[in-house]
Structure formats: structure tokens, C-alpha cells
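Both complexes below contain subunit A, partnered by subunit B and then by subunit C.
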Partner chain A sequence: MSDLLADDPEWADVVPISQYENVNPIAPIFYSEECPYAPNKDATDYFRAVVKTGEMSPRVLKLTETIIQMNPAHYTAWQHRYKTLIALRSDLEEELRLMDDIAKQFMKTYQVWHHRRLLLTAINSVDVAALELEFLRDVLEVDTKNYHTWSYRQWILAHFNNEARLWARERAYAEALLDADVRNNSAWHHRFFVVFASGVRLGDEDREQVRKRELAYVKEQIAVAPNNASAWNYLRGVLETTKTPFEELTSFVEPYTASQRPAPSEEVVDLDNPLPTEKAELPCVAALEFMADAYEKRGGDAVPKAVEIWKLLANEKDTMRKNGPRMNELNNTK
Partner chain B sequence: MGLTLDIPLHVKYIQSLGENKDDLVYHLTAHLRMNAIYWGLTALCVMKQKDALNRDEMIEFVMSCWDDEAGAFGAHPDHDAHLLSTLSAIQVLTMQDALERVDIPRVVKYILSLQQSSGVFAGDAYGEVDTRFLCCAVLALSLLGRLHELDVEKTVGYIRRCRNFDGGFGAREGAESHAAQVFVCVAALAVLDRLDEIDQDSLGWWLAERQLPNGGLNGRPEKLEDVCYSFWVLSAMSILNKIPWINAKKLTAFILSAQDLEHGGIADRPGDQPDVFHTNFGVAGLSLLGYPGLDDLDPVYCMPASLIESKGLRKGWTALPRRELA
Partner chain C sequence: MVNAYSPTPIDGYSTPTSTLQASTENIIRSHIRPEGGAQPELQKRYHFEFLLRNLRQGFPERYVSQDASQPWLIYWTLHCFSILGAGLDDQTKKRGIYCLLAVATLLNLLTPELLAGVPDFLATCQTYEGGFGNASFPGWAFEADDPESETGPAKTYDPSAPRPPLGEAHGGYTFCATASWVLLRSFIDLYYAPAIQSSAVSLPQKPHIDTRALLRWCTQMQGLPIELGGFKGRTNKLVDGCYSWWVGGCFVLVEALLGVGAHSEPSTEENAGEEEGQKSWDDIDDSLFDRKALQEYILLAGQHPAGGLRDKPPKPADAYHTLYCSAGLSAAQHRVIPSEPRRKAVISAWDAAQARARDGTGFRATSEAEREKLDALRRQTCAHVLSWAEEEGTELYVGGATNRVNATHPLFNLTTTHSDTMMAYFYGQTFPSRHFTPAKK
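So, the complex of A and B:
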């Protein structure tokens, strides 16, 4: 039994349009029944016909679904599907559910996410947005760094902008992801987005308290895994946004520039400045960079200390980037 | 003694694309055919083999993708117009010296109609927004000689809002920094003479940190290397005059190791299947790194440098000096 529309009585009234009908083919194509993409060709030929006639009907919905399943990046098929949904006044929440599996299957395709964004915009419901955020948690479980999914999540939050229903659990969510993988750059970005880059969260009105909390958090994560670029980028981001001087962090950072942890006998517990944990690989390159920047900012006779660190980085600890921005200063002090 | 770039093999690979039109993959990639032609042609130009593909056939194909309803180009005949394919079409026609075939006023109208009130551009009437499309619009208008019709402040304003705490840029306001999005924002700012919007040292350093111990470049911290970042990262650094900040020798070796020396083409990383996208960006990266025997590439437009210069569009970027052939 053929799955082809050409054999489907429901489509008997439609004349399919072949790919090169209006174009002089560079090379004529002969499709055999054994051709591996006969179903796809069949579907797209019928699709071309309905686009031409402008048909928007339930069978067109079925057809676009077929095409999308075979080729999720077929942007014209998505467009026509959306137009048809609107024209038919279809249940858009049902459409979201229908597209859930496609989203999970083809999560690296731009179109699946844009379609959902259009649906959310049309439905315009905070309840649905909340459900969508839940759905995205499932998706992110499969691919914790999926760029499309994350930027779509950020759009939902900003667009609906509902503190109690949508924003409230986001910091905790980012934190849970970082608990699972402290090197998840997307989760770090999301945390910054939620805390510092999208207005003031309910409960975060005391900005000094937020500053302390975020600095404490990132220090803890650095202590657990110092060689984590995302955490150091986050730290620098917090310092810049809160106008905290580098100097305030030097007591914390300094132990990370040593080759090993201080001996247990020398260790003084300082809750504000967690030391590197047992497993940490030291010295930490990012810590060295930080100290060097701090010395440079201090100026005066701290500058030679910065130069010493830059030499160490260039010659030994980060030779990949030895021709970096410090090269001029290094050359000048030779 | 290391690998070298097998130019004749890659030229044959590009020529062979599209030969097997019965192939399922060929059919399923119709939505990016225009882009693929641009990638193929650019790679050939950089390898100094522009005539390896038939000029007339290519121009006719490009024109067959004209969407007369929208006044712009789609990816394939009967595909709706889109900014991505419109830029690729303009780039191809420019490289083929056939820009006179384009109805410029209509295309300009199409492009400008896609700018939203926030300053970002949609990719098409469907409304997906992304800084990629903003870049496509800026590059396309520039190549068409109609940049003066753009609201520069509005456009730059949106890019500014995409700047993140790490100095990088994302696809939209609020989105994570990503090397490809960094490129599109930097290239657009370069064309608009607004590189002052960038903290160049910070961003240059973030880009330099994309280099992994294996020499390859990734797109964000803790992600895998991919040959295409050899272009996105490298071109941004070239525009910021900071290519020396990465290890050229190791990156060159990485790109060369991603070649498919049996069938031709370059893959995203060693051992994977090649495709024309990675072939183009691998060769483009090598050109910016001064690899011998290649032609100079303009990193802003990802097109031959001499062509861009002849149109008076060259900006103040620097690539590594071209090494002599052994």
C-alpha cells in the first residue's frame, strides 16, 4: 500500500508541481519508484501545488507535518503551516503539544523554536508560558547547552515578564544545572541574565545583598572547580556590573595562584574566601590572569608583579596565547 | 612535516556537489542551496579556481530563485524569499560580476522592510529575529551600494543591547555569547564604522580563549572545537586586529587535519564527513592565517579581498601575511 499522495484519493483533485517545472533544469532528473526520496518528492510536489493555490485546509496541515518530519529545516513549509493554523482557527495549544516530539527530535533546528514562539505569542497566556518553561526543562535535560532552547527560554521570560509565575524559580533552575555541571556556560549566562540583566527580581531589591550573594556563590564554584572559564567570566561580570574593585577579591584569588594548597596546619578557615578543594588543579591560569590584572590596576610597584605573572603565563602556563595583549608590555620590560 | 591543503582534491569535491541530484541529502538540503553555492564559489575563489564551476549556469540558477512576490531571493526555486539566501545571491552575483541582473530597488525595499522597531532584522516575513539577519542586511545593503538608506543608530542600538557581561554577543538581546553571533555583530559594526561599541581587548581575549589544546577553536566555553569557528572567531579577531593572539600554527594544523584526503572537502573536525560549509570556512580560515597559495579574503564579507577593495568597501582589518609556497 503506497503512502504517496499520488495514490491517495483525498488528493486526487490536486495537480502536483514538480521541482523544475518553471526552470530549465541544469540536468534532467528521472525519479524512479525506488528513489529513496520518492515520499519526500511526492510531498513537496503537492506542497508546491497548494502554495500556488493558497489552500489552507486540514489536509494541508497534515501535508506540512509530513514535510517537517522529513525535513525540519524546510522553512517555507513551517510558514505555510502557521498561516494555515491561524486561517483555520486551530487549537494552538494542541499544536504546541503536537510539535513537542518534533522539537525534541530536531532541537538544533531554528524553525521548530520560532514556530513555538509564534504560537506562544498568539496564545498570549502566562499559564501556557509557564507550561512551556516546564517543557523546556525536559528538552534541556537532553542537551543542557542547546543554544536555541536557551535563547527561546530567555525570550519567554522577558516577553511575558511575570515575576511570580515565570521568573521566580529561574535562579534556582540555573543553580540546579550548575550543580550537575559547573562548566555549563549556558547556565552561568542564564544566571547572570536572571539576576543582573533583566530587571530586579522579586526579593532581590537589596542590591548589596545580591552582590554579596552572587560573589559568595561564584567563589564557592571556583573553589570546587577552579579551571572553569565560565565561573571566572561570571566573577568578572559581577565585579563590573556592581562596580566592585578587583582588590576586594585578591585575598580569595591568591591561593589559586600557588602550585599547591596551603598545608592543613596553615589552613585558616575563612568562609568568605573558600580555598581550592582537594581535587583542584593548581595553579589556576584564570586566577593568575586575575591577580595580574589586579596588580596592574593597583599600579606603581605592583606592576612588575603583573609582568612576572604575564611572563609565567606566556612561557609556561598558557603558551597557546603567548602573543596576547600583554606582549607589548612584556617586550617593553625586557 | 605536516599535512598540506590538497587544493585540486577540494576543487573536484566542490565541482561534484550537485552532480548526484538523486541523492536524498541533496534533496533535503534544498532550503540552503543558495548558501551552498555561495560557500562553494567563495572557497573556489580563495583557492584561485573560480572557473571550476560554470558561471552562466550559476547565474541562471541564482536568478531562478528570485521570488517576484517578495522582491528578493529564496534558497531554491519555489522557496520563499529570505535574507540569508538574498545575501548569498548578492554575494554570488557580485563575485560573478553579474550584479546588474538584480532589481536593486526592490531588494533594498525587501531588506529594509525586515527591520523591526527594536533595530533587529527578521529573516523573512515569518518573523524569526537574530543578529545573523542584522548582519545579512548590513552586508547586503553595503554590497548593493545602498547602506545610506539604513537607520544606523537603530541598528547599532540593537547590537549594543546584545552585548553580554563577558564582552561577547548573542543571537538576540539576552542570549548567550557565541562566536558565530560575535562575528555577525563585529562584521556589522565594522561595515557601519562603529567598532567603538566593542570593548576590543575584552572581546579579543574572549575570542582568543576559544582555542583549545588541540589547536582548534570552539564557539563558547566548554564546547567542542569545530572548523567553522576557524572563520567566525578568526575573522572577528582579524577585524579587531588581534589575529596574533591565537596560535596560528596549531590552528592551521587543526584545519588541515579535518580534510577528507580521500574524497575531498573539509569536515567540522578530523574524521567526520566533509561538507561544503566547513570546506569554505576551513579554507577561509587558512587564508586569514596566511596559508601559502591562497588568495586574500575579506573577513567582513567572507569574499575575495581584492573584489571588496575594488568596490571601495575595505575596512581596517589585518590578516597574517601570506607565506611563500615551499
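So, the complex of A and C:
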């Protein structure tokens, strides 16, 4: 028995349309005549036929599912599937469950997530959105930096915008991911998204308290692994967005610019400014860059100090970036 | 001084990110050219054969996932021939807004309606890191009217509401946003309020992006010497050959936004004396990234021994990486930047009536003032796009001139010959010759 639609009586009334009809194609995709891709050609030939006639029926749902299984990036198949679901007044929550496996299997494909976004919009239920966040936890466990999954998660939060059911646990979620991997930049971005970019969370109304909390958090994370670009970028983000001068952080940053951790006898315990761990590889390039920027922002007599650090970075500590913004600054300060 | 090829410091604290990073560095370091070793060679013949195989025999069946994206396969292949130096015709397509803008610019389809709200939207996609994410919320905030909106019931947009970017800063989206921003500059100048608002007409406020933060982010994406100076697409992710173009290609765009380095003003002479003291380290070249290192990454790690280019060893080559590694190599060899003399030459030869007649949108202006403004938008945008030209005497070929590939237009990733020809046709213009040497003092 063949699985081809060409041999299926249910599809006998449809005339398939082949892709390269009446043309001599350049750079065609070479579908093998044997399995496994002959079914793809067969299915897409029938799909082109139903798009042409505008058919929206249960068998079209089966057909588009077949195509999507073989090629999850086939956006026309997704689009036609969505239109058909709406036209048939299908149970969209059932569609979500049906698509769970496909989402996990093809999580790097944008269309998978766009389809779910359309479904969630149409269902328009906070309960379903909350379940969806749970589902995304599972997905992100497999690939903690999956771009489209993160972007979709953030869309759900902003679109349904429900503090108690959706936003409430997000900062803790990002924090758990950072506990597991403090270098996960997606989790840092998510924290910034939740705390600063999307408005004010319930309980976060006191912005000065939020500023202090976030600075304390990022300092602790820098202390654990000082050469972590994600944490330094977060620190810069907090400072810029809360309009905190870089100057305010220099007593924290300075020990990270030394070539060694202070000797235990000289160590001053300052809970607000945690020191690098003993295994830290110093000096930390990001700390040097930070100090230079702080000096430059201070201006006047401090500028030569900035220039000195830029030269140290360019010539020795961070040679790959010798041509970057620092050179630009240097030219501007001449 | 630290070892030039020190691994990324992990501070004695390893996490999944640093473990993956370390194993990648171990693979890439084995491709470092030994001291005194042979110069790296661009295996043009093998890459041609790879491209020709795809073109003549078709793509192997693993490309079935590209079934719905065949124009891309054609573009990647054909444009790559152009870069590597074999003449073939061209075709273009890109992503989202950038795709739309590039096409609308090339094909004379620009109208204020089409562009309304686009700069504002782009500006909200910049993240705290300086690069751009893939969208911002709400996506519909800047759409004038969209009855078939996917957002369901109509919503009213509160302009004071937060507009968070969705997704972290990413090389692909950063390129698209930056190129779009550059393409939109004339539109912003003409259709938004100047810094000092004249009270007569109310125009929207100019949106703003942080160009310095953008430059810093792009610079941070270049890997360490142990990663051969390839580019990453996000903070703490791995280097990948395709970002040679998406991020490496961004620098001249950022430079244009910063207004540095353009061969417009005869300023070199007066600065010459001041630069004396800096000679030790800034006489290498005046680009904002390490062009030599990027070429080394592509030549040493990016080439698959059997032809075609790739993400990183030991991955196979594919059509997408073959183009974007080649384009990145081009961006590292040539400095293509806006030339003010060329821009002026295009403006003075501009035929507004022809451009208006060939407008492909059927846009109906309601007043003569509006029509003239649109004429100006076409003229300024075209003149800017056409002004991009290679800066003479700045080419740099790692491994010697036999590794030379052709220059490509930073805004479109098409050769300038192709973009010039397309625009001459769609705007009904005869552009002044490209063999135009900017006046040197």
C-alpha cells in the first residue's frame, strides 16, 4: 500500500499542481525519487491545489499537518492551516496540544511559535496563557537560549499583562536560570525585560528600592564570575535606565581592575561591594572598560586616566577591540 | 603580557555556557596558523564548484526544509558568485521590515504611508545591551490602521505605555535594524520634527537610537584571538561565520551614523599632525573592528576543505553560510562608505520627473507640497544609497591579493553594479559614472 495522496481515493477529486510546472528550474531542490522525500513532493503538490481552490476542510488540516511534520518552516502551510482552523471553528486548545510535540521537536523554527501566538490571541484566555508559560518552561529546559521561544514568552507576558497569574513568578524564574548558568544572556535579558522594560511590577512600585535590589543582585553575580559580559551589560543597563552615574559604582568596580585580589589581611568586608572570588582571573577587562567610561563621563582631569586605560586595553588586555569605540573616544578627546 | 591565545577566563566557575565555549575554543585553536606557516588561501575553485553543484544539479534533499524559501537559495548562490568574482544575474530578498525597505528603495516604492511609524518601531527594538532584538511590544502600536489585526479586538495605544523589546540583542536583527535606520534617514529628516520645532506644522518627534551603545555592542561581538576573531551573534554565545556579515557588515553602517570616517571633508590634513602621538596603535587602520582577524577566521576556520563555507569547524558547508562568510570576508577586505562628492553628483544629475513617473505605488499626493516632499524623499534616499563607494587605498587582503573578493553594498549585500543598475531602471535615471575619484587635497 502506498501512503501517497496520489493513490488515496479521498483526494481523487483534486488535481495536484507540481512545483516546477512548465519551467526549467535553476537550483531546484533535489527530492529523492525514493523515500523519504517523495511524500513531501506529493503532499505539497496537493497543497498547491487546495490553496488555489481555497479549500478549507478537515482533510486540509490533515494535509497541512503532514507537510508541517516534514517541513516545519513551510509558512504557507501554517498560514493556510490557521485560516482553516478558524473557518471550521475548530477547538483551538486542542490544536495547541496537538502542536506541543511539533513545537518541542522543531523549537528553532519561528513558524512553530508564530502559530501558537495566533492561537493564543484567538483563544484570548489568561488561563491558557498561564498554561502556555508552563509549557515554555519545559521547552526552555531543553534549550535555555532558544531565541524564538524567549521572544514568544515575552510576548505572552506583555500581551495578556496579568500581574498575579503571569508576571508574578517571572523574576524568580529568570533568577533560577541564572543560578544554573550565570552566563545565560537570555535569562539576563529576561530579567531586564521583567524588571525595567515592561513597566512596573506589582510590589515594585518603589523604584529606588528596585534600583538598589538590582544593583545588589548584579554585583553579587559579578563577584561569582567576574569575566561575565552578560552581567556587566546588565549592570550598565541598570545604570543607564535608572540614570545612576557610573561614578557611584567605582568603589565596587576598582578591585576588579587590580591584577590581584587584596591580601586577606588588607581585605575590608563591605557587604555592599562584594570582592572577586579567589579564583577570579584579574584584572577583568570589563571592569577596566567600566572604569575608563566612568573617568570619561567625569571629564576634566579624569580624562587622561580614561585614555591610559584605553591604551592598556588596546595594546595588551583586549587587543581584539583596539579599533572599536575606544579609539573613537580617543580621537574625540584629543 | 598574557598569552595571545588565552582561553576565555572562567574564574574557576564553570557553567554550561563556559563548558560549551571552552570546547569550541579547543576546536578553533587547532586552526590557528602556526608561526611562520603558509599564508591562508581562499579556495575559490572549491567554493565555485560547491555553488555550481547546487545550481546545476540542484540542492541535496536535506535542503527540503528550505522548500518554501527557494528565492533565498537562489539569492545566496547567485550573489555569492558575484562576490567571489563570477558574473551572474541577481535577485534579492531579506527579512521583515528590512526586506520591505530594501525592496521598496530599490524598486521606487517609497511612500510616507509605507514608512509611517517604522523608525519609531525600530528605535523601540534596541535593548539595554545596545544591539537590537527581533521586535517590540505591542507590535501594532505604530500601525496606522490594520482592520485585520491579529490582536483581535481593537485596542487603543497609549504612547506613554512601556514598549519593551522582545528577545535579546542579536546579530541578525541588529543588522536589519541598523541598515533600515540608515535607509530611513532621509525619511526621518523630511517627515519628523527638527530638533527645534517650528510651530507652523506639527510633525512627530524624531525617534532616537543610542549609536554609541550600538557600536559598543557590535565591538563586543568580535571573539578573542583564540576564537580567531570571528563574530558572535549574542553575548556569551559562540562565534559563527554568518555573523561575519551580520555584525562585521554593521560597522560601516554604524560609522555612517556616527559621522566618522566618511571621505567627505578634507579634514585629513589638519588632523595629521595631532595623530603623531598615537601612531603606535591606531595606525593599523581606521576601521572600528579588527579586519585582519575576521579574515583569518573566515579563511582558517570558515572554509570547508571540500568547498563551501560554514558556521565553524567541524560543521558542513551550506548555501547560507557560503554567502554570509563570503560577504563578511568582503566587508573585512573593503571599506565601502558614503562618498559626499558622489552623493552630490547623483543629486545634481537627478531627474525628478522621471522618478515620479516611474513610481510603482500609484500614490496620490493631495497637494503640490506633499508631492515635492515625496520627490525629495526619493532623491535623497537614492542619492544616499548610491553614494556608498569603496574608499580608495584602504583594501586589506590577508593572504595576499589572490584572496580578493568583490566589494558588496553594505545596505543591500548586492554588488554596487547590481544595485546601481536596478535603481537606474526603477527610477528612470542615468547615474554619473562610478569611476569617480573623490577629490583629494
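The working rule: the second predicted complex is superposed on the first by the 311 of 334 C-alpha atoms of A that agree within 3 Å, B and C clash if a C-alpha of one lies under 4 Å from a C-alpha of the other, contacts with A are read in each partner's own complex, and residues count from 1 in each chain.
Throughout what follows, contacts are C-beta pairs under 8 Å (C-beta built on N, C-alpha and C of every residue); 3 or more make two chains touch, one makes a residue touch a chain.
All values reported here derive from a predicted model rather than from experimental measurement.
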Partners on subunit A (subunit B, subunit C) - clash or fit: clash
First, second, both or neither for A:Q79, with subunit B first and subunit C second: first
Which superposed partner A:F290 touches (first subunit B, second subunit C, both, neither): neither
Subunit B versus subunit C as contact partner of A:S198, first or second or both or neither: both
Subunit B versus subunit C as contact partner of A:R48, first or second or both or neither: first
A:Y173 touches, of subunit B and subunit C: first, second, both or neither? neither
When both partners are placed on the shared chain, which of subunit B and subunit C touches more of subunit A: C
First, second, both or neither for A:Y147, with subunit B first and subunit C second: both
Partner chain in contact with A:K279 - subunit B first, subunit C second, else both or neither: second
Touched partner set for A:N315, first subunit B, second subunit C, both or neither: second
Subunit B and subunit C footprints on subunit A, overlapping residues: 26-27, 29, 31, 37, 40, 70-71, 73-76, 117-118, 145, 147, 150-151, 154-155, 158, 183-186, 189, 192-193, 196-198, 228-230, 233-234, 236-237, 240-241, 320-321, 323-325, 327
Residues on subunit B engaged by subunit A in the complex (per definition of touch): 18-19, 21-22, 24, 27-28, 30-32, 57, 60-61, 64, 74, 77-80, 82, 124-128, 130, 164-166, 170-178, 201, 204-206, 208-209, 211, 213, 220-223, 242, 244-247, 250
Touching residues (chain side subunit C, partner subunit A) in the complex: 1-2, 4, 8-13, 15-18, 54-55, 57-61, 63-70, 73-74, 77, 127-129, 133-135, 137-138, 150-152, 161-162, 164-170, 212-213, 215-216, 219-220, 222-225, 229, 234-237, 258, 260, 274, 278, 280-282, 284-290, 293
Complex contact set, residues of subunit A against subunit B: 17, 19-20, 22-24, 26-27, 29, 31, 35-37, 40-41, 48, 51, 70-71, 73-76, 78-79, 82, 110-111, 114, 117-118, 145, 147, 150-151, 154-155, 158, 183-186, 189-190, 192-193, 196-198, 228-230, 233-234, 236-238, 240-241, 320-321, 323-325, 327
Contact footprint of subunit C on subunit A as seen in their complex: 25-32, 37, 40, 44, 70-77, 117-118, 121-122, 124, 144-145, 147-148, 150-151, 154-155, 158-159, 180-186, 188-189, 192-193, 196-199, 224-230, 233-234, 236-237, 240-241, 276-281, 284, 311, 314-317, 319-325, 327-328, 330-331, 334
